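Two complexes, one shared chain (subunit A), two partners (subunit B, subunit C).
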Partner chain A sequence: MFKRWLRGYDKEEAALKAMHEHLQLMCMANDALGDLIRREETSRAETIYDLEREGDMARRHALSIIFEGAFLPYLRPSLCRFVELVDQAFDTLEDTARFFERISLHDAIADECRTITSLNKEMCEILRLAFQRAIHGEDIREQVLAIRILEKRVDDLKAEINQKIHDIPVGDFWQGKFYADFLDSLTTFSDHIEDASDALYVLTVSFR
Partner chain B sequence: MKLEEIMTRKLESISSDATVYEALEKMVGKRIRSLLVRASHDAETDGVVTARDVVFKVLVKGLNPLKVRVGDIACRPLRCVSKDESVQNVAALMEQTNVARVFICDQEKIVGVVALMDIMQAALIDRARNAHV
Partner chain C sequence: MWRILGGLFLGWSLGANHSANIFGTAVASGLVRFSQALWLTAAYVVLGAVMEGAKCMSTYGKLALVHADTAFILTLSTAVTMTMLTRAGVPASTSQALVGAILGWSIVEASPDFSQLTRIVLCWTLTPISASLSSAFLHRALAKLVVDRITSFSARNRFYSVAVLLTGCYAAYGLGANSVANVTGIYVTSGLLNTNVGAIIGGLSIALGVLTYSGRVMMTVGKGIVPLDPFSAMVVVFAEAVTLHLFTQIGVPVSSSQAVVGAIVGIGVAKGLQTINIRVVLKIGLGWILTPVCAGALTLAVHALLMLTGVASLNSLFAKALAFVSQLNLW
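Let's look at the complex of A and B:
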């Protein structure tokens, strides 16, 4: 199926390679975020920032190849949208690490936050697999459904956190803001991944 | 995949002395289909009450849910497994015993519950994750 996206030029392959690299870097950053939040390995934060910079390069590379004329014109907006959604997720992941460095995770919500980190990691891996399958012309509906299920779980955990958060003492405005921003970015990541998987699915469906 | 990854840790419970109507209120309010029934007397053991029990044992029989004790319609004994148990074994247990939810126990203490829906979702995620390219 995906062969139909290609016009027989190297440009398309290069763009797909850059897109895959972008996704892979995001998964690596997600692993690092897991270590940062679950084991409180603060050194992993720097790894995340470096990976995000590398990811930016991969994104720019993919987009520039598409703008240079890779793929059929009607596919380009959807491909660019997919790349941008992945990048939004990547940025959110970086924000989560930055905010986490400025707070100390309260015991009341620590379990939920760690579980969300694991779910985010799983979603990221499944999105990468979906992308690989899509470029091989395979059906990705199972991956899209799995991502939807995992996103729902993150939403449920978010609701639990919102119930408990009133009991967390906050020293001053900035501490409270960083805490709120951390929780917001931690729980928003899954939304971006779900949007990206939907965008990918739309791309594959258009060939049926 | 381990049960720990898919179980629901937040357990909603009700005393066995509460009325079925109170259980109904709790289930509707929290949009859940079952409640853990905590024994309020030494002679009783913990059980579980589901929407199915409420409908078939009380409502369709024309009984007044305000007058029936939850403890009287709860299903016992609870099916408990260790959190290290595999999802496949739990699914087999559910099939053998014809129950839709199994409680996860850690040294006599109930720490979570796994329902058929959780197993279905886990299986779907597993399929998606292990798809061969």
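Let's look at the complex of A and C:
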């Protein structure tokens, strides 16, 4: 029985490691997206797709360890919700890169888009830090608050883009659709990160 | 020896019902596997009964003089009362039902010792109070001394899973040590069984109830009670175990249900009084008053029935029944 307990301990550590890896891959992909949008380095798009595939593997690994019995059953739904929210953010990030490849960023909204990319990157790093603090039993209130403030700034920039977007000329329906989808996924990423940080906060409070 | 069937029935129903107080929340929330909970409860109930069960056995004998026939009627009436109250959804106490039955019987057959009754009733009142005080104290002390110091997520998770198992085993031990007197205590005082045999038979009958019929009750209690966080669930079981163990040392059988309810109220007090549902607490309190009254009334009814039919002893009742069956020429 003692052996089983020790094995169980490894299981939890492995699940946390996989979750951390998932988050780290998302942050790397976010950096690549920043290069793609700011410097228009098109080769970075492939990096993002590769990282997303790796992230999927890390997500599946984390979930399978949790379903195998890592952590108290009481905690499992909250942990899985956190992993799923991070994955949604990751998927949104990949979508942003795909749509960006199909459009050319108009000067009227380029600055706002680049600022959103920087804010997303910042939020991603804060979420990673919050996760590390949470698993060591530290308070993450400050990180959660910082993510909320940054998300509000993204929302404000989204409103500014929506005001300017009427003046951007669109060649055909598909070009317009890709443009709209790009802006939508670029601004939705921060919502997913905010949801993930809230889920992480609930997780730490319920496990105190 | 057939007279102990009443006690076995009572032990079986006690095991089926009260095991839910030990691993109910842990099983329902998936913390402990059902089979694991069953075998651990059964093993530790028998261990508790054998090791410390004798301490509470003489208490019922001090209430009134009980004969072997009477012991059968009393345990049967108690088991029937418990079954009826359980079906009515009232959280009932076996020890209260048994004391009610003994008093009901002794009022018409012998003079009860009310000085012992005062002591027992005082302990019934003290059970939920001491359980709530223990849980409130343990909640604060353990949080400060242990849980707050375990900062790592996975280490805290491991602590909870091990602590729930350990406190569950301790509570099962406490249940066996304290409740075996309800099952075979009056057989021991009536001279039908000796203390060790009474403890073993009583412990095994409780364990049989745990192993055969506790599943539904366990899930009902586990899912019916407001879901507690792992730490509070652990503290509730720990406080229940401490309370049962404490009352075992002074030789008074008390109710594990009362201890659990008291412990949950204690958690409510520790977290803030507004979390306690007074209506539910009052309903449970009413059940605690109803239990001995119902058991006493049922025993009086059985006594009246025996008087009306002119049966002098249970042996003559069985002789009459056998004669009647043989006249039917069934074979």
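The criterion applied here is as follows: the second predicted complex is superposed on the first by the 199 of 208 C-alpha atoms of A that agree within 3 Å, B and C clash if a C-alpha of one lies under 4 Å from a C-alpha of the other, contacts with A are read in each partner's own complex, and residues count from 1 in each chain.
In this text, a contact is a pair of C-beta atoms (placed from the backbone, for glycine too) under 8 Å apart; a residue touches a chain by one contact, two chains touch by 3 or more.
Keep in mind it's a predicted model, so treat the numbers as computed, not measured.
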Contacts of A:H136 with subunit B and subunit C, given as first, second, both or neither: both
Contacts of A:E12 with subunit B and subunit C, given as first, second, both or neither: second
Touching partner for A:L75 - first (subunit B), second (subunit C), both, neither: second
Touched partner set for A:E54, first subunit B, second subunit C, both or neither: neither
Which of subunit B and subunit C A:E122 touches, first, second, both or neither: first
First, second, both or neither for A:A146, with subunit B first and subunit C second: first
Footprint overlap on subunit A, comparing subunit B with subunit C: 136, 138
Contact set on subunit A toward subunit B in their complex: 111, 118, 122, 125-126, 129, 132-133, 136, 138, 142-143, 145-147, 149-150, 160
Subunit C-touching residues of subunit A, taken from the complex the two chains share: 5, 8-9, 12-13, 16, 71-75, 134-138, 206-208
Footprint of subunit A on subunit C - complex, ascending: 29-31, 147, 150-158, 160-162, 229-230
In the complex with subunit A, residue positions of subunit B that touch it: 5, 9-10, 121, 124-125, 127-129, 131, 133
